[in-house]
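In what comes next, chain A is part of two complexes: it sits with chain B in the first one and with chain C in the second one.
Right after this comes the complex of A and B.
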């Protein structure tokens, strides 16, 4: 009781180090103390969930009939040319909306790891290279990709318009007759329904969120429920690990692109150019927010698309992934080359500076040389960013 | 009066029109030049696109500005922004620059480059973004 009072007194002193007792020590509990800067950094990772307003570029975003149609389409194999796979093949709801493979397998093995689908309204860019600037544009990519569904707008319209239930749902959502709409419009509309559904996949609150909110309130009783190892790992995450530089904010990502030294060779003579190629694909796409299918007349969300600039350093850069639910989304990195969170932490601990492809801009990343205990604390922290539940409205 | 002196006298008279804090502008001056600028929106946040409205108040030589370029770098990390801002001329010596976005917490150096023909005058302003 005495100790609790001491902690409360400590919390009351603005700017003073905050001592938090963990509940997991065997004997006397060693408190993880946070400086004012650390505290500010920790608070910046919440609150959760943040607001996720409807997507202005998608007129059926948030529409319940569109969500129902999108949910159906998400596991509809008729979208693939050979009828063998659906979105759910690689984004399996039972596997946190990923597939558990290093690189996904469509008609052939693709170059990248399937991204776990969640909290998608928070993205500025979609895919590891940000080749799409909206969720609906990203949803078109696998349908047309020769390595994934290998379909065409004509095929999609012909297959689905043959189904009376889909036709009726389409008419209800888009106030149009599917077989009379031009194939490209049908494809975009179906992608917008798929997007409306995917927007509903939101990760639940986690032990970290409870800790973070308790820290904001000064609620020492709740703080003590958060394991001490996680507290120490969190201190590394916001401190000497400098993880927060890139994995920032409530969704633990800047939403931008960086090179952390993951090899970008796909095969001996083929590289994944990452963001460099992503910007090129965005520029070529007729489905970008700068194009005719954006439903927002003022194109409010198109600023990134208008201003993005292709730079030489974009070679080998990949999007900073969110760390929400990260324990459930192994394997890791754009090519799934790291099997466990321990492997990821080892990567950052021993990062090979020679391997960082850029010549500049990598001063953020240096080998951390973490001790075994520090590495396991950091992993313990990362595991508190997950919760089993993925809520679907 | 020599020709150049006449021009700088003209330029100096410009600064009468230089907006100040009452209109939300901040003055930034060097030995060579002075500008007034305001961010839109006025608070800079990580990951949020913003613009800057700026007025060239005092310039070397007194010729009008042809164009201005605003950019930002993180000196400690050796990188800049991922976006290219664009400037629109609102009036002579008055510009609106849009499309800036700072994607990391920490210390950024914002540069304002004023071009008069081939002459470039640079003013810098440091911004520290909280996480």
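Right after this comes the complex of A and C.
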């Protein structure tokens, strides 16, 4: 009776609130109530997976032979100058395509955390700073980066063209002979095969997705199996936490860049300028969508690249990461400085406002001042965004 | 003390095509030589950066000699510095009295941005500091709307009037207007030009003759270093009223001072030389000299 009264009170307060009946099923939990606005916000995070059409800038996107070649190259250490590392070194499939380190180790320790690779067709920009505007361009970056693979187009072509199997696969995918293609074209083509493979890394459905879809169809029996702590955490996520201002949509990200108050000194006297440097790198790159390697004749997708501008606010901004599979991708933030989800929630709960600027009225972040239980609930919700496996189509 | 009331743009402030053409060529070469996206410090036009903070969390990462080095690398003629706490400003001033223009921030530590104006103990702190040290102004403080009429803020206005120094206000137009109601002759440096649009800034400058506006943390007047027409016209119409600033609100942003000075020089080059020089350093230099009696 007491519970029914509580539900009635919630409904009365929330107006068009939706209370989840919790009496069905052996594992049924107490219900939370969601207002019409909260319900709308929750539904906006699905359905999952969304459509992920081929990349028009990559003519081999979705090509099965290219995917197979890319899968092989992903673990091929010949792409690095010293032959000691591959893409999989920092993006280990066994670790949700991360490496578990705060900052990754290339030829030297790099400045940033290895961002998880999944659902990449949904990205508009790639990398923590958005220095690449396509997945294939992003795949070139570590190969040439002196701190990571330190390779050259010539080295890559020489090594891989010596492998008959790679040569044959290249000819099959690109209808060209690798040893006769210019080194830069070979590098770009291999990167497009790498991209074709990485596009297949898609996170599986999660307990949240089941909850969200059940909410959409009014399936109270399924709703009741979503843990109460996660429901309460979800309520914070779409409500007082204002998390959805940045972590929005089915992929839980705006795809944009923000300064969320995480220090960005790399070491004394050196900062990671983040998006500010990323835009400069993008403009310099001959591999951007505005360059000659874009396979889309119309180049409609190059407009953001042509128009993006460096702003003062970009200094120290980093990409808003997806929260899909977030429980499997610790540590967190651009420099891996927060070890656990609890640390992340604590950061936002106690965020130092004076580290944030933003024009008045536009500042998104305020300290949440969450109670211990609220913080725990928010973490419980975040954990329901993860699935045990990362599927590869 | 006498402060020259800014004058409007006159016909004599015509662009100088030859000078500007050469400046653009130099600028183009400069831009072409950028590496890693960071501007090479072209210090050909002096800059006075009126929006520098040296707050406690910057002190260990950038000790005073290194902070001064950054300011000099940026080609700054002077820097208006205010800090949480004011000890940071004093340290920098001792390290480079020729470079630093001390401004008294009423915050004793970080975290007082939203509370200081309702905290009467701030008054004693500010009065004590004003007695102990020399300052060109009080600020940068944050006050909005009717809070500008609260007793703490009223006392700041009184103190500035008594000492003939300026107020560096991170405020909306409403709060700035309230300050001028309290003291019609107040000297107000409007931080970020209130983040207002050009027409609103124009109206404020027209109404308040002792209002200056800094352009810190704004990119909208000159995206990609190219002046927007409405802002260009505003600078031409009020050449004596604008100043530039970085706003080092985190220690990391000290590493942006050089970049910001280069950005400022880029868009300033789109103005007649005399106007550009005023905005780059002349207006700040005159204000500092007036209030410090130099």
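Definition applied: the second predicted complex is superposed on the first by the 362 of 393 C-alpha atoms of A that agree within 3 Å, B and C clash if a C-alpha of one lies under 4 Å from a C-alpha of the other, contacts with A are read in each partner's own complex, and residues count from 1 in each chain.
Here is the rule we use: contacts are C-beta pairs under 8 Å (C-beta built on N, C-alpha and C of every residue); 3 or more make two chains touch, one makes a residue touch a chain.
Computed from a predicted structure; not experimentally measured.
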Open item on the list: Is A:265 touching anything from chain B or chain C once the two structures are fitted on A? First, second, both or neither.
Closed with: second
Open item on the list: Going by the contact rule set out at the top, does A:353 touch chain B (first), chain C (second), both, or neither?
Closed with: second
Task: Which superposed partner A:280 touches (first chain B, second chain C, both, neither) - done: second
- [ ] With the two complexes superposed on chain A, say which partner A:311 touches: chain B (first), chain C (second), both, or neither.
- [x] both
Open item on the list: Let me check the overlay on chain A: which residues of chain A are in contact with chain B and also with chain C?
Closed with: 309, 311, 313, 360
Open item on the list: So in the complex, the part of chain A that touches chain C is made up of which residues?
Closed with: 263-265, 268-271, 273, 276-277, 279-281, 283-284, 309-313, 315-316, 352-355, 357, 359-360
TODO: Using the touch definition up top, name the residues of chain C that touch chain A in the complex.
DONE: 34, 36-38, 55, 61-62, 66, 84, 110-111, 113-114, 144, 172, 192, 195, 217-219, 223-224, 247, 249-253, 255-256, 259-260, 263
Task: chain B-facing residues of chain A, complex - done: 40-41, 44, 124, 244-246, 248-249, 254-257, 303-304, 306-309, 311, 313, 360-364
Task: Complex interface listing, chain B residues touching chain A - done: 46-47, 49, 76-79, 82-86, 98-99, 101, 103-106, 130-131
